[in-house]
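Two complexes are shown next, each including chain A; its partner changes from chain B in the first to chain C in the second.
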Partner chain A sequence: MNFDYTFHWRPVIRKLPELLEASLVTLQISVLSMIIGIGIGLVLALLRMGGPKYLSWIATAWVETARNTPALFQLFFFSFGLGAFGLHLTPYLIVLAGLSFNNAGYLAENFRGGFQAVPDTQMRAARSLGMSTTQAYTRIIIPQVFRIVYHPMTNQLVWAVLMSSLAMIVGFRELAGETQAQAFKTFRIFEYFAVTALIYYVMVKMILGISRLLSWRLFRY
Partner chain B sequence: MNDSIAFFSGFGPKDLWFLTQAAWQTLLISVLSISGGTILGIFFGWILSESKVVGAITVGFILDAFRSVPLIIQLVLFYNLFNVIGLAVSPFWAGVTILGVYTSALVANVARGGIEAVGAPMRRAGRSLGMSYLQTMRYVVWPIGLRAVFPSWVGVALGVLKDSALVSVLGHPELLKVARDLITRTQQPLLVLAVAGAFYFALSFPISRYAAHLERKWQS
Partner chain C sequence: MIEIKELHKYFGALHVLKGIDLNVKKGEVLSIIGASGSGKSTLLYCINGLEPIQQGEVKVDGVSVHAKDTDLNKLRTKMGMVFQQWNSFPHLSALENVALAPRIVKGKSKAESREIARAQLEHVGLSDKIDVYPSALSGGQQQRLAIARALAMEPEYMLFDEATSALDPELVGEVLDTMRLLAEEGMTMICVTHEMGFARDVSDRVAYFHQGVMEEIGPPEQIFGKPESAHTAKFLANVR
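== the complex of A and B ==
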């Protein structure tokens, strides 16, 4: 074991603006995939709890595939797999679709758990007070479910940020991809990835901090 | 142009064997890193539960960093660190080591939860029955805590099984790496991906089912 390596941090510092810009791309694609994932996840959860048989079967297949295969596998499906149908997505869309698919699968299970945690009597009580079904859902059920799934949702956002680093493999230039591109240009691989690890750490901590502040504001009562 | 046939040939029985071997590699990486990581993680979890202040700032902080940085970044970073300090580690063992440490960071949280799930009165009762600290741990805390957190541990293990796919960035021929190589050669992405996906499903689905079964059995 001989140590004859000199660290060179200057090339990394010089490229720091690029890395920070790429980290904004990471945040953007993660948040976007979360929004899409929440929408689809809600639909999947409702379908699994009581939809037409074949639709509920599709929802189950989606959830089980998302949860039982690696996220990277899902990205490969959207890049090579759709390529087989002659559908060639741009790297950005591949990553967005892959992340959204994964988020939707995990969130659907969270939502289902949330809906099941709210007792049926809440619905009946709301209906007997003269609310319509829509009113009962939007004013009574959804707020309670939201409170239950808030923390799992925050965790999923953190996961989305961490998962988006897989974009490096399909050639999209978010933070990890940009780091790889810069690192292999200069062969300062260790230094670049050390700085990137730090940026990811700060991003995750920021998300958790903001979510905690929001939860104080949202759940005052 | 008969040459091109050698480069692009269809998916054959031999390739299925390739993928089976690759799935074996995936299983091997997962089993090694999960078992290593679990032992290490239980130890860290014990530290976290015993030493609330010092443990939280030292061990807790470091483990939290492992959970807050993407695994793929950790793999590239530490694999290069091994090279920097002149340690020649094969991609396989580098992958197992890094994945193991990552697992231990996740398991530590679970283990701490398990230890804390057993209330102080219960432990004091054990001690006042004349049990030593270790005996209380072994005969009181372990059986009760294990049942409380076993489902989350299975969740961690399944997550690591899936995350082992990332060892492919170091170039080790595990399932997803071989699948990708086969796609390049056969140009039949759907078939190859379906087989690879089926392997992952076959590895992880029985475990999650068995865990659910065990959980039901323990509850009754």
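== the complex of A and C ==
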């Protein structure tokens, strides 16, 4: 067998601006899904720790599904699954919902661990100083939980960026989707995916770097 | 003045406080001694409303702690509390630990609350630790920080729940000295303690708790000299 494929990088380089633009879409949707995931994850964690029974049961089901089924299937649920019930989301919403669902499930477990790691006595001490429950949570408990979940949260963002590449399967043109569209137009498939892989790599490294810098500023204890 | 009348407290079926009657006057230092599980900590939690009660009444300066319409958060600013586990807030520097509550609970300005915090840290001998985080403080220093934090609310009463029990023996002294200082300054204090020397020297009265009942209360000379209750005598014989 002889290897007669010649690499042609030029078409890819020419489309680099499009790819970089698409990587911004990836970042945007990942960050947005993190923000939604953090909000919902916090609620799920609190419900699991002491919500009404059926709500806590729903929260548990959410967490279990998000963590123990393929991410791709979760995305399918929001496209074909809801589609079967006549509910057709746009590709953007499918991806955003899928990522947020997954993020919320993973983050809920991190948050729950974080809350359990802060001793009850912190709450008592805060209340004994006359703080309201809300003040105790926002000033004393949550900042400590935040520190505990900070690195897991960074990892989740990285995971969201990588998982968002599944979007190409439901036809959304973020970085992977854009790459696929371009690649099959020119048939320089290997080159396109190689360059895109590099872009993902750089994005992830950037996220980790920024997160580390931020953690030095945020946590001085 | 703290007035406790016919106080009963249950944890589920467990009857933890069985009809406590006790008044503590302004300026008084009361020590509470007793075996583990006799309800001493629970009594303190009932006084500042951290635990609900099932029967009886607790009044602080005439305000009923457990009445529905009582603003507990406001009432608690009158009562500082120091716990057995030193619960400094680990994410805040020493100064921020002390300055936080005056600012967010009492609405003092940032500058003013920092000023108060500085003064209280000096009060407990921690002026040189202002910018240090609790993780870099010893247990004794953290406990003095907790005292400064409570004092920053300008409380009229201080409740101490075995403030020295979790400390290494060589660190107990510095915390007891701080408590002595407060007593000399005229602070009204209720101290749950296992430090019999402190109870004898500093208190105006000592109460002995036995299985949820205040078995005996009186001046230290009585409790430590000739206790009226056989339970008290037995307990003291064992701790000495």
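Some notes on this structure:
We take it that the second predicted complex is superposed on the first by the 219 of 221 C-alpha atoms of A that agree within 3 Å, B and C clash if a C-alpha of one lies under 4 Å from a C-alpha of the other, contacts with A are read in each partner's own complex, and residues count from 1 in each chain.
Basically, a contact is a pair of C-beta atoms (placed from the backbone, for glycine too) under 8 Å apart; a residue touches a chain by one contact, two chains touch by 3 or more.
These numbers come from a predicted model, not from an experiment.
By the touch criterion defined above, A:T121 reaches chain C but does not reach chain B. Of the two partner chains placed around the shared chain by superposition, chain B is the only one that A:A71 touches, whereas chain C remains out of contact.
Once the two complexes are overlaid on the shared chain, A:L129 sits against chain C while remaining clear of chain B. Shared-chain residue A:A176: touches chain B; no touch with chain C.
Of the two partner chains placed around the shared chain by superposition, neither chain B nor chain C is touched by A:T186.
With both structures placed on the common chain, the touch criterion links A:T60 to neither chain B nor chain C.
Number of chain A residues touched is higher for B, counting chain B against chain C. Judged by the document's definition of touching, no chain A residue lies at the interface with chain B and also at the interface with chain C. Interface of chain C with chain A (complex): residues 48, 50, 73-74, 76-77, 79-81, 83, 85, 87, 89-91, 93, 100-101, 104-106, 133-135, 146, 149-150, 153. Contacts from chain A toward chain B in the complex involve residues 1-5, 64-65, 68-73, 76-77, 80-81, 83-84, 158, 162-163, 165-166, 168-169, 176, 179-180, 189-190, 193-194, 196-197, 200-201, 204-205.
Residue ranges on chain A touching chain C, taken from their complex, read 119, 121-122, 124-132, 135, 139-140, 143-144, 147, 219-221. Residues 65, 68-74, 76-77, 80-81, 84-87, 158, 162-166, 168-169, 176, 179-180, 183, 188-190, 193, 196-197, 200-201, 204-205, 208 of chain B are the ones that touch chain A when the two sit in their complex.
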